[in-house]
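The structure under discussion appears below in the form of structure tokens.
Chain naming follows the written order as A, B, C, D, E, F, G, H, I and J, and within any one chain the residues start at number 1.
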Amino acid sequence: MLFQVEMDVRLPPDMAPQVADELKRVERERAQQMQHEGKWRHLWRVAGRYANVSIFDVESADELHALLTSLPLFPYMAMTVTALCRHPSSIRDDDR
Amino acid sequence: MLFQVEMDVRLPPDMAPQVADELKRVERERAQQMQHEGKWRHLWRVAGRYANVSIFDVESADELHALLTSLPLFPYMAMTVTALCRHPSSIRDDDR
Amino acid sequence: MLFQVEMDVRLPPDMAPQVADELKRVERERAQQMQHEGKWRHLWRVAGRYANVSIFDVESADELHALLTSLPLFPYMAMTVTALCRHPSSIRDDDR
Amino acid sequence: MLFQVEMDVRLPPDMAPQVADELKRVERERAQQMQHEGKWRHLWRVAGRYANVSIFDVESADELHALLTSLPLFPYMAMTVTALCRHPSSIRDDDR
Amino acid sequence: MLFQVEMDVRLPPDMAPQVADELKRVERERAQQMQHEGKWRHLWRVAGRYANVSIFDVESADELHALLTSLPLFPYMAMTVTALCRHPSSIRDDDR
Amino acid sequence: MLFQVEMDVRLPPDMAPQVADELKRVERERAQQMQHEGKWRHLWRVAGRYANVSIFDVESADELHALLTSLPLFPYMAMTVTALCRHPSSIRDDDR
Amino acid sequence: MLFQVEMDVRLPPDMAPQVADELKRVERERAQQMQHEGKWRHLWRVAGRYANVSIFDVESADELHALLTSLPLFPYMAMTVTALCRHPSSIRDDDR
Amino acid sequence: MLFQVEMDVRLPPDMAPQVADELKRVERERAQQMQHEGKWRHLWRVAGRYANVSIFDVESADELHALLTSLPLFPYMAMTVTALCRHPSSIRDDDR
Amino acid sequence: MLFQVEMDVRLPPDMAPQVADELKRVERERAQQMQHEGKWRHLWRVAGRYANVSIFDVESADELHALLTSLPLFPYMAMTVTALCRHPSSIRDDDR
Amino acid sequence: MLFQVEMDVRLPPDMAPQVADELKRVERERAQQMQHEGKWRHLWRVAGRYANVSIFDVESADELHALLTSLPLFPYMAMTVTALCRHPSSIRDDDR
């Protein structure tokens, strides 16, 4: 099933740059791993904000929660989760 | 370029059923036409609401505006438009 | 999977009483049918408001959407849907 | 009587991990104790957030307040409390 | 137990004056009846708004709901209900 | 004249416990003094929050402000002040 | 004592022009009467909105409420009332 | 002096098309007249909404108010007015 | 021209008392200087909050901005600025 | 294409003055560079706030994002981005 997840990242301004960079590196690794596994289906940057709009493709809300909380940046993120369904007017087969 | 558009539809409860049905029919037609043209890239239903989350793929904001205002349901919709960019961690080539 | 759904009902004050009563009757019937089918697991009234807090137990967000939109009062309701997971500290087996 | 309580936990990101872990451990213990006592009837995790939706079954608002403020994580939580009543359409006997 | 209830009244501006007056008359009657019964403990007018702040003294949330929904103006009111407890610093015996 | 005052207390989580306890002690003393003087007419705890709903009985807004800002916890509180009037349907003589 | 009152006027767009004009005429009369009586101390128009910011000088909140609800446009207005005190840094004697 | 004005237009969905078209025609005329007079300096459409972002160049807030309230669509618009100043980092001479 | 400015002061609770007192002293001096110069026309305290409602009388928004940002407490204040016009029903000559 | 960007700057009050001054200096340099390049078309100060309203003229949302995130003050700014289109009533040729 699909979920839309909006993630707003707020790193403390006084965080040491190298700590922040390392966090972003492992975050990127984790995010790409999930994309390769087909869980993190779409990942877009919101123009002008340190935020993204994402579409997750998971078996359950439990799996979604496990994935999101495993993100290194999770403690610094405000997330909005919206459950999606197939739209009756959608022509894309795989958009479930 | 990509835009996320969230559309909340609010038809007046006292609208005659056949008027509403006809509106939905032509809306569906218009939406599928735009999808076939590659403009309306993703269309998902929000669970529990007469609303959708969509991703548009257009040349400009002007084109986006023309498409959205051409929708039969436009006068009955509240829209939130978010400009998207390619995310540095995205592995999908065509997610621009 | 479980969803929390909060439903705020707003009937137009000038709706004819018998129309409103009939709507409520068939709504009640539909709601009890879903409870008997095990889909609508909990249904509580919010004190002081024509609103409820409910827990749905469904296979997918699509099924949830189909159930909610089939409610006679759906056109008059504002709904908030929250996807739930099993809580690691929960001791109830069937709270998924 | 039943109350819905939504708890949003916000631990300071710079809290030492072992301090946070110990807090969570005693929180978990306290929560399970209340569940065993029948006070904390339902406890669900909100997908994507360090938050929960809970249903408490208490004698009074005073008892609810005493329980909630006794939680080790209370100083780090934003709570929304909603008083619930039995819904006229509910078919569950014990949902009061 | 005590509840604070804030009631915002919004009568449709085009409601016939005599209908509105009659509604207010029976509302006043009902409100004073509940005060005499000791259920509606305090009733204050909010300066500058057709709204009130009230304190109800009831056995349960169910009783509160029954009282509030029995008010003639209920369909025209937006209500905010807050469950109250005795405050540890209160010196009034009967403020429960 | 009467004012409703809602006070939300937010002590910094990292405040030393003994400092917090001392603050609460003198706050309690001050609050009870004002109640004995008839200024702080009602003080209720909001269930589930470190907050209260209060009714003040003062000569003027100036007096209200002097009382509120004299509270030891004032720097840590968010306050909402609502001016109240006698309600035409109130049967209590002393509810002004 | 002084109150700041912000009034947002929303006349139904389909109100007959002459009805609206007559309402505005008597509103203007009433407002100027109150100003002459010294009750309505300041009245400014908010640029770009059918709204005003006003300062009232009254004996009590009750008097304020009586004045405001006597305004012909009251049923069409959303009001925000803020109780004011003398500011310790104010140099104006009559700003109470 | 410059003001930013954001205008959200909400025409009643049941307004007769020809009435709406005529309103838009005279609105367009009025808007272009103000632009030719140098008062309405910039006028942009917000993508996806029947709304605009505008910059007005006027002598005073009074003049701004007179211009805005003279717009045929004014009764159907929600406006947000923001007073602007010259920015110390601006390199444009005429951006005041 | 006149502006309403609402100022909410939030000093960090852990600011050293003498630093806070000195800030308030010079703020008071600056505020009284502006009042004597006729720029800061009205200054009222909001009952129950470390906030004020003020009316400024300036030549332009630029002058307003220069005055406000010169206030010692400016970095600790949240400000809401509303441009005012003369109200057609105002009887005060000097209320512009 | 044009974007409206509103930037609210919030520097930590306890930031060392020279650090803040240096940040502002390089920010000013960067902002003027972008204006000279024609990317940052308009930059106005919001009266009374450490905030600005800007109009950017870029090839894409990606370019906008790159420009905004390259601003030295970016980590301390809350940004609102609105995609703009040419308005059918605009008479300015270059307002796209």
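Just so we're on the same page, a residue touches a chain if its C-beta (ideal position, glycine included) is under 8 Å from a C-beta of that chain, and two chains touch if they have at least 3 such contacts.
None of these values were measured; they are calculated from a predicted model.
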| item | value |
| --- | --- |
| Touching both chain C and chain D (chains) | A, E |
| Identity of the chain that, by mean CA position, is farthest from chain I | C |
| Comparison of E-F and G-H by number of C-beta pairs in contact, larger one | E-F |
| Separation of mean Cα positions, chain D and chain A [Å, integer] | 27 |
| Length of the line joining the C-alpha centres of chain E and chain J, rounded to whole Å | 50 |
| Residue numbers of chain C (touch at least two other chains) | 2-3, 45-48, 61-62, 64-65, 81-86 |
| Touch relationships between chains, expressed as pairs | A-B, A-C, A-D, A-J, B-C, B-H, B-J, C-D, C-E, D-E, D-F, E-F, E-G, F-G, F-I, G-H, G-I, H-I, H-J, I-J |
| In the complex, chain I residues that touch chain J | 3, 5, 12, 61-62, 64-65, 68-69, 75-76, 79-81 |
| Of all residues in chain H, those that touch chain B in their complex | 11, 13-14, 45-50 |
| Residues of chain J touching chain H in the complex | 2, 4, 27-28, 31-32, 35-36, 42-48, 52-53, 55, 82-92, 95 |
| Chain C-touching residues of chain A, taken from the complex the two chains share | 1-3, 60-62, 64-65, 81-86 |
